[in-house]
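Only one structure is covered here, and it is reproduced in the block below.
For clarity, chains are labelled A, B, C, D, E and F in written order, and residue numbers in each chain start from 1.
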Amino acid sequence: MTTVRLIADDEASPQVRAVFDDIRAVRGTDYINNFWRALACDPSLLAATWSRLKDVMAPGALDPLVKEMVYIAVSAVNGCEYCAHSHTASARAKGMSAAMYGELLSVIAMASQTNALASAMQVPVDEAFRS
Amino acid sequence: MTTVRLIADDEASPQVRAVFDDIRAVRGTDYINNFWRALACDPSLLAATWSRLKDVMAPGALDPLVKEMVYIAVSAVNGCEYCAHSHTASARAKGMSAAMYGELLSVIAMASQTNALASAMQVPVDEAFRS
Amino acid sequence: MTTVRLIADDEASPQVRAVFDDIRAVRGTDYINNFWRALACDPSLLAATWSRLKDVMAPGALDPLVKEMVYIAVSAVNGCEYCAHSHTASARAKGMSAAMYGELLSVIAMASQTNALASAMQVPVDEAFRS
Amino acid sequence: MTTVRLIADDEASPQVRAVFDDIRAVRGTDYINNFWRALACDPSLLAATWSRLKDVMAPGALDPLVKEMVYIAVSAVNGCEYCAHSHTASARAKGMSAAMYGELLSVIAMASQTNALASAMQVPVDEAFRS
Amino acid sequence: MTTVRLIADDEASPQVRAVFDDIRAVRGTDYINNFWRALACDPSLLAATWSRLKDVMAPGALDPLVKEMVYIAVSAVNGCEYCAHSHTASARAKGMSAAMYGELLSVIAMASQTNALASAMQVPVDEAFRS
Amino acid sequence: MTTVRLIADDEASPQVRAVFDDIRAVRGTDYINNFWRALACDPSLLAATWSRLKDVMAPGALDPLVKEMVYIAVSAVNGCEYCAHSHTASARAKGMSAAMYGELLSVIAMASQTNALASAMQVPVDEAFRS
């Protein structure tokens, strides 16, 4: 159950259709996942989000797999069910092994606990960390 | 201002002292940052947290720098000032360049926005993501 | 699946019944949504929550529709599935158009990303913002 | 203390300078707040963030003041000190009265408490909310 | 730096003054902490918040100290600096020992990490937990 | 739907089997809940998490029931569906009455709202709270 209707191909406006076509071309698959079909309720939000995602997740100073793992971490902390699933699937498609996933989960768990401790105790930042 | 007193070396109990010594040995520095001096208010919590952190952040299937970047991501989303500073410093010490940091920030920002969108619209998870 | 039983009309205590009756009168509908039937597990919590909600969401310096949109924003960030659905439904009933919802989603996404960036970089607040 | 250096005008690259100039032109002020000077550590992130913000916060189906109030709500829930200050200042500059701010705070508080209750009890979404 | 002015006694309206007087009477101290002086920017929000807090934190089926420790836990997870400090002070005033605080921190850290793990992996709720 | 396969007894490695056996022994039940079967995707994460949980949740300066209620509070704020259910079930098994649960929910709701208010207004911490 979603708050908006998922837009099917045959009801997509030309602007939505253009984004769907670009998603297909960039990813090399015909499949458009639900997130984009939901965002299509607002064509300009859809276009802006896809355009930025395409740039941000492209290879650069960081490997695309590293980026997917960072995405999983953010999504877990935000408790986003959809993004946890979609980016875990993406990370696996880009080569994340079971061992890598286990270590990723371990870091997420570790950071979550020390974040909570530092916030509870309100530990002052060390001068030594000044950049 | 912290909720507990930061424990100085000369007031550390033997159990606390042992952890401080191990932190110094593992990191190759004499400096003990405030987080550990605050956690020393509870020696068993200090020992358990350090022991686990040491294991989790060690090299493995993931590079230590990747782990630090995941740590930064989790800390940013949790709004943890202390951890954002300490792990950004650690990541730089392990080789994070300005370009890598810029891309890391971009992924964190991207994930935060799509997480919020997916949560607002409650997008249903695609069957295609089933592992 | 909820952690408490949803209280049906015929098992409601007089205190619960009085709140249900007031919800019906204020909203002009016979329907009591699940949130209130769950809260009824604690009659005083139910009464206090409903009484405050009624005051807060009434017309005032802000339009009730604006209040519903703020409610959606808070619920999205907190990842609250129930509240995202119930308040999106309320906002629509109060006149939120598709265009308004699209812009609301865009602001939620924008704020989520700049929040994450400001927290990651721990940007100091400008003196200029001092009220 | 921030994790990056705040970029002053005289050290800004041409790409950064162009964004700073546009911020000044759009806002009709010479003042560039710290968020943008921090983001300037990554010129493409700076440009993308500013470009999108300018579009999202412009008048449309929602009034710019409503957008600022939604921004405040998101920032409060995310615990973002910087954004709470900067967008409260912006909202006031756009006409938010003390009465409006008081009601905004009341809605944020109300939503935060019912979000927590719905999440604690895991209340199932009513069929009646299906769009 | 706060987004509103802290209201001093001599500028308090009669409605604000009445709440301040009640806080003093209930707590047996002349000191009014900043939270209430800030909330006084909206007298009805101030009155509603204090009235509810007084009821909720009173002795009942749960001991007031247990309630303060739950308050600390919520505040730590929400990253609320103010509330972490004020409720840790309150808990100590009500008898929280160093050992109790250490165990409280340990539970907060434990829950934060398993929450993150369960959210990352999206573990399905067991039928056995159905109430 | 989970991101990993839930490990059944007959496919558990010796390390996983040892943890499952210890869970059964400590809890005095044959039932292993899904969280542990999911964590078993990474045997060392499973072992570390269980070992720490066993220590943290044991009787000490705080009663085990108090610990479970703190766990519920953290899980509600983090929006963790799984943990809200599993720890509410545990708290009930340890004696949490309906009245206690109602007061726990009331404190969680109260703290969530004052946290949001303090964060929105960025109330400065009182000197009086300095430990």
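Just so it is clear, a contact is a pair of C-beta atoms (placed from the backbone, for glycine too) under 8 Å apart; a residue touches a chain by one contact, two chains touch by 3 or more.
All values derive from a computational prediction rather than experimental measurement.
The chains that touch both subunit A and subunit F are B, C, D, E.
Averaging C-alpha coordinates per chain and comparing to subunit D, the farthest chain turns out to be F. Distance from the centre of subunit A peaks at E, each centre being the average of the chain's Cα atoms. Centroids built from CA atoms put subunit F at 34 Å from subunit D. Between the CA-based centres of subunit A and subunit B the separation comes to 21 Å, rounded to the whole angstrom.
The set of subunit E residues touching two or more other chains comprises 1-4, 41, 44-45, 48-49, 52, 73-75, 77-81, 84-85, 88, 99, 102-103, 105-106, 108-110, 112-117, 119-122, 125, 129, 131.
Per the touch definition, subunit F reaches subunit B in the complex via residues 1-5, 44, 48, 52, 55, 125, 129-131.
For subunit F in complex with subunit E, the touching residues are 1-4, 31, 33-35, 38-39, 41, 45, 49, 52-53, 56-57, 60-62, 66-67, 69-71, 73-75, 77-83, 85-89, 92, 97, 99-100, 102-104, 106-126, 128-129, 131.
Note for the complex: subunit F touches subunit A at residues 1, 3-4, 41-42, 44-45, 48-49, 74, 78-80. Across the complex, subunit E meets subunit A through its residues 72-73, 75-77, 79, 81, 84-85, 88, 105, 108-110, 112-117, 119-122. Those residues of subunit D lying in contact with subunit E across their complex are 79, 84-85, 88, 98-99, 101-103, 105-106, 109, 116.
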